[in-house]
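Report on one structure; see the data block that follows.
We call the chains A, B, C, D, E and F, going by the order they appear; numbering starts again at 1 in every chain.
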Amino acid sequence: MKRLDLIFSERELDAIIKTLEKANVPGYTVMKHATGRGPERVVTEDMEFTGLGANAHVIVFCEQELIDKMRDNIRDDLSYYGGVAYISEATPL
Amino acid sequence: MKRLDLIFSERELDAIIKTLEKANVPGYTVMKHATGRGPERVVTEDMEFTGLGANAHVIVFCEQELIDKMRDNIRDDLSYYGGVAYISEATPL
Amino acid sequence: MKRLDLIFSERELDAIIKTLEKANVPGYTVMKHATGRGPERVVTEDMEFTGLGANAHVIVFCEQELIDKMRDNIRDDLSYYGGVAYISEATPL
Amino acid sequence: MEINPILQNVLAPPVLFFLIGAISVLFKSDLEIPAPLPKLFSLYLLLAIGFKGGIEIQKSGFTDQVLPTLSAAILMSLVIPLIGFLILRYKFDVFNSAAIAAAYGSISAVTFISAESFLESQKIAFDGFMVGALALMESPAIIVGLLLVKFAAPKNRPKSRKMHLSAILHESLLNGSVYLLLSSLIVGFLTASSNPSGIAKMEPFTGQLFYGAECFFLLDMGIVAAQRLPRLKNAGSFLIGFAIFMPLFNAFIGVFVARILSLGPGNALLFVVLCASASYLAVPAAMRMTVPEAKSSYYISTTLGLTFPFNIVLGIPIYMSLVNTIIPLSPL
Amino acid sequence: MEINPILQNVLAPPVLFFLIGAISVLFKSDLEIPAPLPKLFSLYLLLAIGFKGGIEIQKSGFTDQVLPTLSAAILMSLVIPLIGFLILRYKFDVFNSAAIAAAYGSISAVTFISAESFLESQKIAFDGFMVGALALMESPAIIVGLLLVKFAAPKNRPKSRKMHLSAILHESLLNGSVYLLLSSLIVGFLTASSNPSGIAKMEPFTGQLFYGAECFFLLDMGIVAAQRLPRLKNAGSFLIGFAIFMPLFNAFIGVFVARILSLGPGNALLFVVLCASASYLAVPAAMRMTVPEAKSSYYISTTLGLTFPFNIVLGIPIYMSLVNTIIPLSPL
Amino acid sequence: MEINPILQNVLAPPVLFFLIGAISVLFKSDLEIPAPLPKLFSLYLLLAIGFKGGIEIQKSGFTDQVLPTLSAAILMSLVIPLIGFLILRYKFDVFNSAAIAAAYGSISAVTFISAESFLESQKIAFDGFMVGALALMESPAIIVGLLLVKFAAPKNRPKSRKMHLSAILHESLLNGSVYLLLSSLIVGFLTASSNPSGIAKMEPFTGQLFYGAECFFLLDMGIVAAQRLPRLKNAGSFLIGFAIFMPLFNAFIGVFVARILSLGPGNALLFVVLCASASYLAVPAAMRMTVPEAKSSYYISTTLGLTFPFNIVLGIPIYMSLVNTIIPLSPL
């Protein structure tokens, strides 16, 4: 099994979840209110009141093949709106 | 060293922490307000005001043997109440 | 690529971020309001109103050499103020 | 039934804000009231309802009507889950039936205060002790629900999960929202008895602010309800029908009980609304813990997505005209 | 221009709390108003502004001045982004120019209520229908900004990202803060027409609490603005100049339009402030979604870090003396 | 000492809500006030206390009593940590002793306002300038605590962690809660001097709402205190004794100083309460940063888990009877 970590602006959450659902992932977890900084040195703060929001951190535990299926769509979204995606190994307990 | 990721309903947090403490884990970290969706396609939202709460994401860095010790108890809790548990490799800095 | 997980008191966040920036990490993500317990069995709660705050969970995806560069500074901060740091493997999507 | 009271009900700020919230979801606006702000208003409303209720009960004292009404309220919250359970068992297993039935036996505090606002706008009098009925109807329904699970489904549960009476009482009485309502009621009562100047000092917070806070909370409830509504599709038409039929049915029983109790029209409406409303706070939280076998989306989506909006927007004026029709009839 | 009104403006609690917030950042105090508390106040202010505005509009009715003023307001929110765009194009690409220009065409509700507080403290009358102008100026600027992107930069965008008119309208009208303000205005209007007792019951929440909540929110705005200010250094002196010059320029146009409209000094100041203020709520949220090519730090840091503080502290009294100088001049 | 004032104190809404919170933990109710809602109330209370205090100081002016009282207050916040340090050193190292001692030298604003509420309910007059004493007692205790660490334990610290005077001043004066209280006091003072109409506009927020918000915050404090209490077991009986004995001892010194200052019974009680209360906001936050060697569970659990509840429930009426006994005695 793999673990996929996605970090991107909260405002793109719906689009990313749509991509996950289309690939039929077994599940996912979303943590909002993440802040941070990307390669452009722009700091994302939790300015929720402005409607800009902060980042979302999405974790998906799933098989490699599902990741291969989603790769292009996710890359497309992240390259346009910003954000990062990393894969690591994970074993079910 | 291993990293254990547990994701489950906030309402079961006390039970899970009791299991962790019984196994004498060196420490743990809890992140509340996680939302998500599991294999039954039921979306957990952050409906804190209803008292249903959201999910908790618990991270434990510990030795494999501790995980072996806790496995049955955690599996028991998660299979009854729902939730996921995954292990991955981790090296102390 | 590596994934660095840092967990420590929110009040040390500025110091840690300074260390990350000095090492020129490509980016980082901060999740606040994490609670937990460390090896001294002291439970960190989210007592934000007291000004004590809770823990911050910082994730950095970066190359091993950057981690080597930061190791001493981070260890120094964490050993004085408490907290944990773990490294694992990560592959870009 | 005249159309006028329905329109008048809809044009009150709380209902309008509820509709605004619901419409925002329909039109995919990104309006959001982030957690835990709704919790702030939900805690505030429970505290204020309880506190003011406690004062009213102390003021009015235990008149002739109080004891029979409160007893009838408890009785209703015991009987309604049983009826609901029997109906739901046609389609659902014991766990889901018991959990949903418990929700309909219990009450919704916000529906209750909406009915109070409706009565105030119609200048119809009602008594403060009805809050006592509100407070007393939460726990019995939970207890009945858990007893139904305990006795109707003992074989299906793993041994380690057997429910003990102490756990049932704990869930039903110490659930956060039940506890806050009951204990604020006691604080109100004690303050009114021994420290009347404290009432005046609390009034701007628990009294003057109440209506606005209710509007704000209903804005969020509109959002949540509209998000929940589409989930009902998966639940099937049986459950959708249940979520509308059951409150009407309970209202019908309620109005006859109110008549037997000789309640005035104001108290009668509140009594009927307590019977007709379903819990989305205390009961779901208790069921989530104790009956994880039941799908939370069933009991949450019906109560929050359909029954609650129905009661707020249409139910209250319908029940009022029911009260106005049935109560004045010649004695049974 | 006398120094007195500036000092008087600065010594009002809202401005003082704004300064306290800003100074806390300067001195590296760890004072913090954690999310989502600022959102609570921002939602509250929009709801209360809209609700009270709706009541005022219903009360005053559509007098002779209303329609021309509202039309002029919409016109200004269409013209200002075009001017801004032309200026910004000297230095920035189409995306950044359009996004920043849209922010300056739109309005800041908190600047508006600060101007109202200023007028009240100076005992200068103004009309409730000006909130209508506030509500109507948010969306057109967003539409102009997105149309500029659509027509000035069609080749630079990937095909899949082409903007459709429906998306543009959605972003401009259903943006959370635009939607809440507009719909609260409608609730206020409907309540005033059909349910006047509801107004009195809302008054403690939307009326009495308003000034204090404004102070609390401005405390946070001071913190946020001061955190944003240093980021402007990276943006360069052109943008820093723009953030001061543009509001003054817009105020200047605004005061002449106000004169043509024969607005009284109170309404004229509010009209000028609407022109001079820049949006940090609705527009940035819309631009973040639809024009991700633009750097959010540009449009957020200028509006929030410089234009907003400038308007709150110095701008309003400056605009007042502008109004007092220009309006009474012999007819054009 | 009569039982009556203690019962009267306990039956006031703020204390009742505190007890409700504590009992909810005892009975394992899942009542919770999620973060950051308690922060909202804590920020609000500091702002309102400061603002109202500033107005009162401006109104009353610097009378004969003001300067001596404020000086004595500062003196007490310098002396108490030294005494505490000497006692604590019997059992604890320099770091823990200094951190705990600093907490007891500083003050608890919520204990102070509880004492004000008590005086109001007993119809005993007190002066607004006492808020000045409250504001002035926070920082000196922090400074003494940090100086104790600096001079009593220089060898034990790594070189890079040496404390500079500037850092000490920064922590003691720019700590979020100290800063908000002090600056709100200044805003209140300036508003009262130059903009009296601003006071009336703030009154519903900072005045009328205060008592209710205090109740709500104390509900949370009850929960937090009861969660902290069991942690004291690990701390040992010495610290448990200290947490009860120290406030009583400080109250005793305080009442004699109040007598020398010829304070009236109201002001005397407030002075005594300032001496007897311990900080759980400013001091722990400062110590967490600057003395990480000290165990935060020690200084948090004693102040929040024992001293605070003791003062709120029993301490205030006890101190009142102390004041009533000692102050009227024939001159020293």
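Criterion: a contact is a pair of C-beta atoms (placed from the backbone, for glycine too) under 8 Å apart; a residue touches a chain by one contact, two chains touch by 3 or more.
All of these numbers come straight from a predicted model, not from anything done at the bench.
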| item | value |
| --- | --- |
| Chain of greatest Cα-centre distance to chain C | D |
| Reference chain E; chain at largest CA-centroid distance | B |
| Centroid distance [mean C-alpha coordinates] between chain C and chain A, Å | 20 |
| Approximate Å spacing (C-alpha centroids) for the pair chain D, chain F | 41 |
| For chain B, residues that touch 2 or more chains besides their own | 11, 31, 33, 48, 51, 88-89 |
| Multi-partner residues of chain D (each touching 2 or more other chains) | 30, 34-36, 39-40, 175-176, 204, 208-209, 285 |
| In the complex, chain C residues that touch chain F | 9, 11, 33, 42, 45-52, 54, 76, 80-82 |
| Residue ranges of chain D in contact with chain F within the complex | 35-36, 39-40, 43-44, 47, 51, 170, 174-176, 179-180, 183-184, 186-187, 190-191, 194-195, 197-198, 201-202, 204-206, 208-209, 285 |
| Interface residues, chain E side, partner chain F - complex | 8, 11-13, 16-17, 20, 23-24, 27-37, 40, 120-121, 204, 208-209, 211-213, 215-216, 219 |
| Contact set on chain C toward chain A in their complex | 1, 3, 26-33, 59, 61, 88-93 |
| Touch list for chain F against partner chain C, complex | 35-36, 38-39, 41-42, 158, 160-161, 175-177, 220, 224, 227, 280-282, 284-285, 288-289, 292, 295-297, 300, 304 |
